[in-house]
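Below: one structure, written as structure tokens.
Think of it as A, B, C and D in the order they're written, each chain with its own count starting at 1.
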Amino acid sequence: MANELVVELPDNDKVLDAQTVKQDFPIFKEVGQDPFVYLDSAASAQRPSKVLEAMDSYYHTTHANVHRGVYRVAEQATNLYEEARSHLGRFLGAPKPELEIVFTKNATEAFNLFAHGYGRKILGPNDVVLLTKMEHHANIVPWMILREQIGFEIRFIDIDAEGQLVLDNIEQQLKGVKILGVTMASNVLGTLNPIKQLTEYAHQEGAIVIADGAQYSPHLPTNLQVLGVDAYCITGHKMLGPTGIGALWARTSILEEMYPFLGGGEMIRNVTTEGFTTNDIPHKFEAGTPPIAEAVGLSAALTYLEEIGLENIRAHELSLTSYAMEQLHERLGSEIKIFGPENPSARSGVISFELKDVHPHDVSQILDQEGVCVRAGHHCAKPLMTSLNVPATARASFYLYNTESDVDSLVSALVKTVEFFR
Amino acid sequence: MSGLEDLYREIILDHYKNPRNHGTLPTPPAVMEQGYNPLCGDEVRVYLLIEDEELKDIRIEGQGCSISRSSASLMTTAVKGKPLSEVRRAVKTFKKMMALEEDSDLYGEEIIPFEPINERTVGELIALQGVVKFPVRIKCATLPWNTLVQALESAVQS
Amino acid sequence: MANELVVELPDNDKVLDAQTVKQDFPIFKEVGQDPFVYLDSAASAQRPSKVLEAMDSYYHTTHANVHRGVYRVAEQATNLYEEARSHLGRFLGAPKPELEIVFTKNATEAFNLFAHGYGRKILGPNDVVLLTKMEHHANIVPWMILREQIGFEIRFIDIDAEGQLVLDNIEQQLKGVKILGVTMASNVLGTLNPIKQLTEYAHQEGAIVIADGAQYSPHLPTNLQVLGVDAYCITGHKMLGPTGIGALWARTSILEEMYPFLGGGEMIRNVTTEGFTTNDIPHKFEAGTPPIAEAVGLSAALTYLEEIGLENIRAHELSLTSYAMEQLHERLGSEIKIFGPENPSARSGVISFELKDVHPHDVSQILDQEGVCVRAGHHCAKPLMTSLNVPATARASFYLYNTESDVDSLVSALVKTVEFFR
Amino acid sequence: MSGLEDLYREIILDHYKNPRNHGTLPTPPAVMEQGYNPLCGDEVRVYLLIEDEELKDIRIEGQGCSISRSSASLMTTAVKGKPLSEVRRAVKTFKKMMALEEDSDLYGEEIIPFEPINERTVGELIALQGVVKFPVRIKCATLPWNTLVQALESAVQS
């Protein structure tokens, strides 16, 4: 299955200037170490001042609990929160932004909400949930927990040597599948999956598709209507927003059908000592006081991303990734193994690798001494590690504030590492 | 207390203190639907007696703030004795006045050309127009109307 | 049952100066309305600059994802997050602060976690969960959702005319009860419940006690070891902390027994395509990227509260509450009905009331025009509303930054309201 | 690359590249326990052959970083052939070196007076002392030791 992903990339001179972008992010000036080469945005991105300012300004001028206040400040807080919801919906190209976004604390909660709200509703002991071997634990473990409660089968789509999904017999694999869960972009391999086509196949078999956009929407333009998926998860802290916020998007019809998940204030219509009835969507799924300031911060992050332009971000990351892969191969030769697709345009700005005879933990430790921050570990993708037959990988990941000089630092530090362990 | 006069017009306070068509109707033949505002705990029960596509009688009971109760009372006077088609149109007109009319498009409903909102077309209901400036209270004002719509639906189904 | 609550109150001249305290909270200078009489801290408190500065400083100097990073910045972030955990544990008097606190997004999630993690483990169709009629929906609805899945009985302890729990026959009421869920302080009535004694009774009957500290720990010194309860919930935004964070405290033995709830990264030890094993407590219950900056902010809020002193805060609120009740009775006479205990020392700084013939919504609206912010509604306590036989109440609530002059504004505005509706 | 020498001593790199007592033992008579570091995906399998309260033989297998593997290798040389009481004491001493000894009190375990940590008392293990300055890596160093404790427990139970 060819990847249908076509992002119109801008001319070279419109692409962002990462050095200038970096100025917007206070941590690059204020962190207590120099150099600070941050190559771990796939774990969590940094925040521009505007995001922090938006949250501070919210707390300085408008804070009150939302939804239940009649007075003006509470109303303004509610408006800001609801505007953030619509903003995220528009950012993702959701057809009904104000109805279909459920704010959660992170992408993980969003998957749990979908599994327990929708999965529990439609799955029975004889059903099948199809995942992929490159899923993040967030899109695996909730299904396993649900399976313990109601029983059903979980299958995994395999990956090939280049880290692409094995989809030759996809129609076969989809037989009897009720739910397909698949990541837009692997957080380890960088692989960009052909979601649109996969969804078409899945829909033909009557399966519902939930896509993991945690590693995609921060980096490439997202259009849910084009993708055709039925549900989608994101997390704020990977897209320049604060920690403490994520979201589930799902079609209205699905949200309407879903069981409530977390119970408490705000998600109810009425409660008696006998039982309760639920509120309208999306509030039905937002129990308790929501992450209000975090929603305001996320909205500011989206504005920032929109102003720079997701196409520009993609173009910039693509060029960095190409440069990095080139340099790594050139300078480290057979000492390095890079996982995932060889063609940079088939991947996001994530590079996982292995140095010969050096454990990723040691790689990361030694790189840290050089001021280079990369992640080492299983990246919450243990089935993928098993599949790749490694205990862990080291991973460098790029974002809009990374420069070619960051890549150079990475490469030199890796060369030193190899020497150190020789 | 400036600004408040827009919200709390004389006529609203009057309908609040002396609600018209207050009470219940025997079901059947009447239908009853209950509406909640989860925001504030308001609840309303709307009783409809429909005969030959006409709203013969309407009664309202419940608990609510001045806005929801006066809106309910004003609603009863606006729709009582009217053909159902006019009742439906009144609902749409009212929602337009509450700045909610764009919804009728969004939810894929048929778009009906509204009458302009003025004293001549909406009568005493115009008193509720000030609510639009207080967005939180719009839900109070619309609660009885939404419940009316539900009741109309269940009447059609039964 | 007499309330065993004894807080050593400081001498009058040690009690805090609310006018000075107010200076620490930027919103009182920067909000776009004057006057701004904020009497809705029971819904959500405001934040002192120090809390916002702590979060900004975290984002400016230290942000990275926690727990999985080898490099220094990630390690510092992890330390800050774990220190916040210990800090909250110490603040609550938890015996093992670093093991027993699970961070959640709010108190509501904490209750859901406990219900689905522990309730699901120990409850069967013939068991009983005992709650009270003054519980917040957060401690009701999760039990109802769980009941739908596994079946059991939910009973409610009644309240008397003064808003106190009816406990005469408590031993009788506790027969067969597996879990008792009870609030430390009612968010509507202000009633401070005799949790220590209730817990003793419950333990005699073999019941496990979960207490709702959302309205208590922000205002009075908490000592879990003295209280003797088995589990406890708080929420950050009501105790000067940011939105997006709350916590469940539970005994180690209970956390060990509990099923995992949210599944995903960080809560696992291993995942294969076959299944998963769970991580150690408390991480087992913290799936996905946690509210890191929010934990840092919460810790700063706790420091602020500790510096002022919870005894001083209690003394201050008690004096404000006494003054307010006095003034309300004096100036509004039979026009006002105040719910809850008559004796201010039997209650927290929360006053719910009803004005004759004026709906709480209208009260709040008219008060807002006078710059006075109070909440109107069911306060997420619908069974209590039914019990009080009102659709809603208006509620004024005090915190450390409120002054007697705030009380005066409230009282005058209420007098005007009565006149307006006469 | 200053600072790193504290962590990556010669002897550590040597034990990493040439692990002692690597491999497996037939179970039974040996016992085997598996340990994971969920942080980084490291895993270790510890095989113990115990006879007459003595650790006759020990073998280790698994995947891990230089710290966890050298710690495992150093551990085997420290405990092999020792009476179980000495093995347990070695574990405690090692944990003290990793600045984890306060735990023994916290978890209500019996408090054993530790020997001072120096080359004479801990031998080659002293090479791991530098790990303390790198708190994230402490878990790497302790993984084989914790797994040893588990294996001792399951040997006692079986």
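Following the convention adopted for this analysis, contacts are C-beta pairs under 8 Å (C-beta built on N, C-alpha and C of every residue); 3 or more make two chains touch, one makes a residue touch a chain.
Just so it is clear, the model here is predicted, and its values are computed rather than measured.
**Q** What is the chain whose Cα centroid lies farthest from the Cα centroid of chain A?
**A** Computed centres place B farthest from chain A.
**Q** Pick from A-D, A-B or B-C: which interface has over half of its contact pairs in common with C-D?
**A** When the contact pairs of C-D are compared with those in A-D, A-B or B-C, A-B matches.
**Q** Roughly how many whole angstrom separate the Cα centroids of chain A and chain C?
**A** 32
**Q** CA centre of chain B versus CA centre of chain C: separation in Å?
**A** Centre separation, chain B to chain C: 38 Å.
**Q** In whole angstrom, how far does the Cα centroid of chain B sit from the Cα centroid of chain D?
**A** Each chain's C-alpha centroid was found; their separation is 75 Å.
**Q** Pull out every residue in chain B that's touching 2 or more other chains.
**A** Correct list: 39-40, 137.
**Q** For chain A, which residues are shared contacts with two or more other chains?
**A** In chain A, 68-70, 74, 268, 270, 361, 365, 376-377, 382 touch at least two other chains.
**Q** Can you list the residues on chain C that touch chain A in the complex?
**A** It is residues 26-27, 30-33, 36, 38, 40, 43-44, 46-47, 52, 55-56, 59-65, 68-74, 104-109, 111-112, 115, 133, 136-138, 140-145, 149, 154, 156, 235, 237, 242-246, 260-268, 270-273, 275-276, 287-294, 361, 364-365, 367-368, 372-377, 379-380, 382-383, 386 of chain C that touch chain A.
**Q** Which positions of chain D touch chain C when the two form their complex?
**A** Going by the criterion above, the answer is residues 36, 38-40, 106, 135-137.
**Q** Spell out the part of chain D that touches chain A in their complex, as residue ranges.
**A** 1-4, 7-8, 13, 39-43, 63-67, 69, 134, 137, 140
**Q** Going by the contact rule set out above, which residues of chain A touch chain B in the complex?
**A** Going by the criterion above, the answer is residues 67-70, 74-75, 78-79, 96, 268-270, 277, 279.
**Q** Taking the touch rule as given, give the residues of chain C at its contact with chain B in the complex, in rising order.
**A** 358-362, 365-366, 369-370, 376-378, 382, 385, 391-392, 416, 420-421
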